[in-house]
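Order of writing sets the chain letters: A, B, C and D. Residues in each chain are counted from 1.
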Amino acid sequence: MRAGIIGVTGYGGLELFRLLSGHPEIKQVFLYSSSKEGTLLSEDAQHIYGYTDQLRSLEQLESDKLDILFSSAPSGVSTKLLPPYIERKMKVIDLAGDYRLKNADAYQKWYGKEAPNSLLVNEAVYGLTEWNKHEIQQAGFIANPGCYPTATLLAVLPLLKEGLIHADSLIIDAKSGMSGAGATPQKASHFAKANDSMSIYKMNKHQHIPEIEQTIQTLANVETNITFNTHLIPMTRGIMATIYADLSKDIQSSDVSEVLHECYGNKPFIRIFKEKADLFTKQVYGSNYCDLTFGIDERTKRITVVSVIDNLVKGAAGQAVQNMNVIFDFDETEGLSQSPLFP
Amino acid sequence: MRAGIIGVTGYGGLELFRLLSGHPEIKQVFLYSSSKEGTLLSEDAQHIYGYTDQLRSLEQLESDKLDILFSSAPSGVSTKLLPPYIERKMKVIDLAGDYRLKNADAYQKWYGKEAPNSLLVNEAVYGLTEWNKHEIQQAGFIANPGCYPTATLLAVLPLLKEGLIHADSLIIDAKSGMSGAGATPQKASHFAKANDSMSIYKMNKHQHIPEIEQTIQTLANVETNITFNTHLIPMTRGIMATIYADLSKDIQSSDVSEVLHECYGNKPFIRIFKEKADLFTKQVYGSNYCDLTFGIDERTKRITVVSVIDNLVKGAAGQAVQNMNVIFDFDETEGLSQSPLFP
Amino acid sequence: MRAGIIGVTGYGGLELFRLLSGHPEIKQVFLYSSSKEGTLLSEDAQHIYGYTDQLRSLEQLESDKLDILFSSAPSGVSTKLLPPYIERKMKVIDLAGDYRLKNADAYQKWYGKEAPNSLLVNEAVYGLTEWNKHEIQQAGFIANPGCYPTATLLAVLPLLKEGLIHADSLIIDAKSGMSGAGATPQKASHFAKANDSMSIYKMNKHQHIPEIEQTIQTLANVETNITFNTHLIPMTRGIMATIYADLSKDIQSSDVSEVLHECYGNKPFIRIFKEKADLFTKQVYGSNYCDLTFGIDERTKRITVVSVIDNLVKGAAGQAVQNMNVIFDFDETEGLSQSPLFP
Amino acid sequence: MRAGIIGVTGYGGLELFRLLSGHPEIKQVFLYSSSKEGTLLSEDAQHIYGYTDQLRSLEQLESDKLDILFSSAPSGVSTKLLPPYIERKMKVIDLAGDYRLKNADAYQKWYGKEAPNSLLVNEAVYGLTEWNKHEIQQAGFIANPGCYPTATLLAVLPLLKEGLIHADSLIIDAKSGMSGAGATPQKASHFAKANDSMSIYKMNKHQHIPEIEQTIQTLANVETNITFNTHLIPMTRGIMATIYADLSKDIQSSDVSEVLHECYGNKPFIRIFKEKADLFTKQVYGSNYCDLTFGIDERTKRITVVSVIDNLVKGAAGQAVQNMNVIFDFDETEGLSQSPLFP
C-alpha cells in the first residue's frame, strides 16, 4: 500500500511518518508540503537523517496514486486542500479540526474560521476508534479526533452511556505536554518561559469543547455543556485528563469498574488500572494506549476519572493509523504495538 | 533578634534559612538538627557554601535564648519536640501539619499518627496571614498552613464568605512542583521517573483536605466537603490550584472582581489578575506572592478560580516569616520583598 | 527462541525486555529476580501494565532452558551469578562492568570490588559490535560495553586506527541523562535537586576510563591515558561525548570525513552528519543509532568529534540485542529498527 | 540615584530591572524601549505584575537625567544607540558584545557586523570586576563581559597569570542554560525540541572566543588560541565551563589551591570548593556567585578546572550591577547579596 502525508513537517505529521514507516502493510510513504517541496524532510528533522525522499508538491499529489491520504495540516488548511481528494473517493484521514464539528456555526464560533463544505462535513466519520468502529469500517473520509477529546471521551463515554454519572456535572481539568502546541516557535512554548513552570490557558474557550459535547450527544445520547480547562505542563508529550462528575444514585465503585471492563475489556489499546492508581503520563509515552483509573469519594458522592494518553499517538497519529487499520480491515494493532518508552 | 530553625536540612528549613538570613530584623539564626549536630549545613547544601556555623543539638536548644523558633521537622516530629518550647512561652511557628487540625480524630484519620496534646492544639493559631492577622498578632504559637491549603483558601475564602459560590460544589484540582514531596529521595521523585511526565497521587485522600474544610468553616462560616486531587508536575517549585464551583444566583463577573479587590486590595502579597489571565507558576518563583485570576463560564454558570504560589515560600517558609512579621509588628513585607525570579 | 533476563527491574533490564518483546525471533522472555520472585514486573512498571508473567527465581533459572541469557544486574553481582551459566556454555551477554577489564588489578582499582574469575574474563568478548563483529560471531560470552565507552570509542577508534589524531591528546567531555544513574532513588537523582541544573561528577575517576583505554589499545593498537570527565544533564536519556584531540600533521577535514565514511559507510546504526552539525541527543531517543559529527579548528589544529547515543539503547540494551543478532546470525537490525521518538 | 535600562524586555534587561529595583542606592529605574514605548513592561512580564511605569521612548532618554545607563539591547544596536550618551559623559554599562573587542577586524569577523567607533571602543573598560577593579573605578563606559567569558576567565586567569598551565593547551567545554539564547522564540529554544535533550552548537565559532583570547592577553599577558565549544542544556539558567589544560612542570594540587585562594580569598562573589567537588549549576541560581573547583589527573598531567555561574546574574546583569557599585564606590555586594535559590 502507498500512503501520503500532507503537513509532514508538523509534529503530528512527523509522528504519522514514524508510524507509517514501520507499518507492515505500508510499502511506500509519500510526503507533501506546500512550502518546502523539493527539500529533504531529514534536513530539519535530524532524527530521520538518512531518509532521502524529497518532499513532494501538492501538484504531484493530484496525480499520485495513493491508497490513503493523511492530512496533518493546521486547522483551516484542510478546508481548502482536501475536498478534491474526498470527492474522488480517495480514502482520507484528516487530523485537523475542520471536519469534526457538524454544526457550521459552532465551527465558526470556536475556530474563528469559515466552515468547510457542509456536504463533506456530513460525510466525515468521527474517528474515535473504540466507539465508532462500525462507521469507520465503511468510511471514506475520517475526521480524526482531537487530543483532548480523545483523552476525555474514552474516559467518560462508558459512564455517561450507562447513566452512572450526571452529564451536567462534568468538569474536565486537562493537562498537556508542550508538543500539543505544535512545532512553530512561539512565546508560550519558548523553553526559558515554559521550563520549570506550568500554565493555564484558554480558560473555558478551548475549541475542543464543542467537539466533546457533540460526541457525548452522538455517542452517549446526552445533551450537555461541560466545564473544560487546559493547562500546559513542562513535558514534551502526554495528556492527563482529570475528570469530575456527580455520581448517579447508589452507584458503587464496583458498578463503575464493571462498566469500564465491559466496555473496554477486549479493546487492545485501553488499559484499566485498579481504583485510585497513581497514573502518570510517561507510562504511555510513544504508545497508542489510553490508560484509565477512577476513584469514588464517598464524602462527596463524586467520581474522579483519570485518563492518560500520548497526545501525538493516541491523541493524533496513532489513532489515525488505528483508523486506517479498521478501514482496510487490518488487525487494529498493526504498526502500533510498540511498547511505551520508559523511563 | 535571634531565630532558631529545627529541621533545617529539609526544603522548608533551607528556605526559612534563606529568608531569615536576609531579614533585616534578624541578627542571628541558630540551626538545629537531631541527627546531624556538629556538622556543617553547607556540606550538603552547596548553595550556601561558606556558611560556617555548625548545626546545633536539641540539647543546646533547651538553653539557647531565642526570640522565635521555627520548626520545619516532618509531621509527627513536632508533636514530640515542640511542647516544652510552647509551654515556656517561646514564640513558635510550626510548618508541619501536627497542630493544624483542631479535631484529634481527623488528625489521626488523615495523618495516621497520634494527635498532639489537645491543649496545645487549641492554643495554636492558624497562620493564614491575610485572613487571621488579628489572631496572629496575639499568638504565641502558630500552626503555619500547608502549601495546598494556602493556594486553595486564598482563592476561595472571599467568594465563600460573600456567598458568591456554592460551598458544596467546590472541586479543587491542585498541581504541585516536586519540591513539595520533600528532600528525601524516593521513587516518585526519582528524576528518570518524574521528568517529562506528570502524575496524579493520593486521589481524594490528601491530608490537606480536612485542613481546607476546617478553615472554610472557621473563616467563611460554611460547613462543606470538598473534592480535592493532587498532581505532581515536573518542575521544582510552584503550585497551581484550579478551582471549580457553581455560582450563586445572578452572580456576574464584576461581582467576583469587586469582592476580590475589596478583600485583597491592600494586601501586599496578593495580586489579582484580569479575568481569564494565563497564569503560570514561574511568575511567583522564589517570591511570597499569591496570584489570582478567575473566569466565569456563562454556558455552565460555573466559575473557575486559579491561584499560583511558590510552595516553599507563600506555601511554607515565606508565610511563616510573614507571620513572624505580624507577631513582632514589623512591616508585613520585611525580608520578603524579593521579586520573583524570571525566567 | 527463548531469552532470559536477570536484573529486569533496573532500567537496562526494562529496556532489554522492551526490545526482546518486540524482537521477531524471540518467542519467549523469562524474567529473573533475586529479590522479587513471584511478583509481577508490571506492578512497579506501569508502562507494561497487563503483562502477567511472574518474576522467576534464580533457582528456576538453573533448570530453565534458555537460548540466551542477558544479565543487567549491577556491577559485582555478575561476578557471583554468571559463572555457572557461562561454564555450561549457555550464550550469555552481561551488561555490567565485571567482565570488561582484562586486568584484574585495574578492575579492583576502578571498581573497588574483587575481580571475577580470570579464565572467564579472558573468555569474554567485548561487545562493541561495529568493531568486534567477527569475535562476537564466535562468542559464547559477551561483556557488553558501557554507555560512555560506546559513545566515545565509536567516535575515536577510526581516527586513532588511521593515525589522524594523537592518542595522548585525547580529552573526552561526556554528558549523560539521569537514567544512566540507575533506577534506585538517591540524592543526585532526586528531582528537585537535579531538575533545572547540571553537575560534574567523578572527576577523572569514572570506572569507564580503563575500559576506554583498554579498548583503544586492543582495537586501535595504541597505548594511551585519556582525560575523561562526566556530567549529569537534566534529561532522562541520552549521552553526548564531546571529544578533543590534536590532529596529526597535515590532516584535513576531507581526510577525517573519508575515514569515517569508509569505516562506517555500511554500518546500519552509525549515522555520519555533515561537519559541525548541531547534534542533539533527542535525535537518537529510543533508537540504537550512534550519530557522529566533527569539526576541525584551523586556528588550533585540533579536532572536535561529537557522538550522541541513547544510553539505554546503543549504550546498553540495544547493543546487547545487536550482539545477540550477530551471535545467531540474524540481520543486525532485527528488533532494533524503531525510529527515534521525536519530539 | 536614578538608573536607566535600554532593552529591558530581554532577559538581561529584566534581570537588571530585578536587581536595580532591589538596590538600596537606586531610587528610580527608568525603562526604555524603541518599539514598545508607552506600554507596560508588566503586561508581558507577569512576574512584575503591578509595576505601573510605562516604557519610555528613546527620545525621552535624550533629556532624562540619569546617573547611570545600562544597555541590554542586542549586539549591533549598542553601536548605534550608545555613542551620544558615552560622549556626553553619562556613566554607561553595555551588556552587549559591541564594545568588547578592541580589534575592529575581529569584531567584524566574529559578529558579522560593522564595528563601532574605535575611539569609543578604546574608551570602553572591560568589566570583569574581580580583575579590572581599578580601571572600572575610573571608568565612564563599561563593556560588560559575556556570560561564557566570565565563567571561563575567572577560572583560568589565576592559573595563566602564575604560569601553572600552558596557555596553548586550553580547551573549554562550555554548557549553558537556554535563557542564554535570549527571549525571542526560535527553533532551538522551542520547548518540545529542547526539552529532555541537549545539543552542541556553533562548534569552534562562538563569538565569545576572541573575547576570551583578548582578555587572556590583556590580563594574563599570554597570547594564545583556545579551543572552545558551547552546548545548550535543558535548564533555564546556569553555565558550567569545564576547562582542560596541561599543567606546567612540577605543579601540584597544593600550588593550584594556593594560587586560587590568594587570588580570590577576599573576593565576595568567588567561592573556591575543595578539589574535585561535584559542582552543579543550581548552587548559584539567581545569585552573583562564581563557584570554582579543579582536579588534577596524575595520569595525564592535566588539570580540569570547573566554574559555574548564573548566566543572567554573574554572566550579565549581576556583574553589571557589581561594576556600578565599583564605579560609585558602593560596597561591591550592594544589591547583590541574595542567596542562591535552592532547590
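In this section, a residue touches a chain if its C-beta (ideal position, glycine included) is under 8 Å from a C-beta of that chain, and two chains touch if they have at least 3 such contacts.
Since this is a predicted model, take the numbers as computed values, not measurements.
At the far end from subunit B, in terms of centres built from Cα atoms, lies C.
Among the pairs B-D and A-B, the greater number of C-beta contacts is found at A-B. As a whole-number value, the distance joining the C-alpha centres of subunit B and subunit C reads 46 Å.
The geometric centre of subunit B is 36 Å away from that of subunit D, both derived from CA atoms.
Per-chain CA centroids place subunit A at a distance of 38 Å from subunit B.
Residues of subunit C in contact with at least two other chains: 11, 177, 179, 183, 192, 195-196, 234-237, 279-280, 282-283, 285, 343. For subunit D in complex with subunit B, the touching residues are 11, 14, 18, 21-22, 45-50, 179, 183, 195-196, 236-237, 271, 273, 277, 279-280, 282-287, 291, 337-343.
Contacts from subunit B toward subunit C in the complex involve residues 11, 177-179, 181, 183-187, 189-192, 194-196, 234-236. On the side of subunit C, the complex with subunit D involves touching residues 171, 173, 175, 177, 188, 192-193, 195-201, 203-205, 225-227, 229, 231, 233-238, 240, 242, 244, 276, 278-283, 285, 293, 295-297, 299-300, 302, 304, 306, 343.
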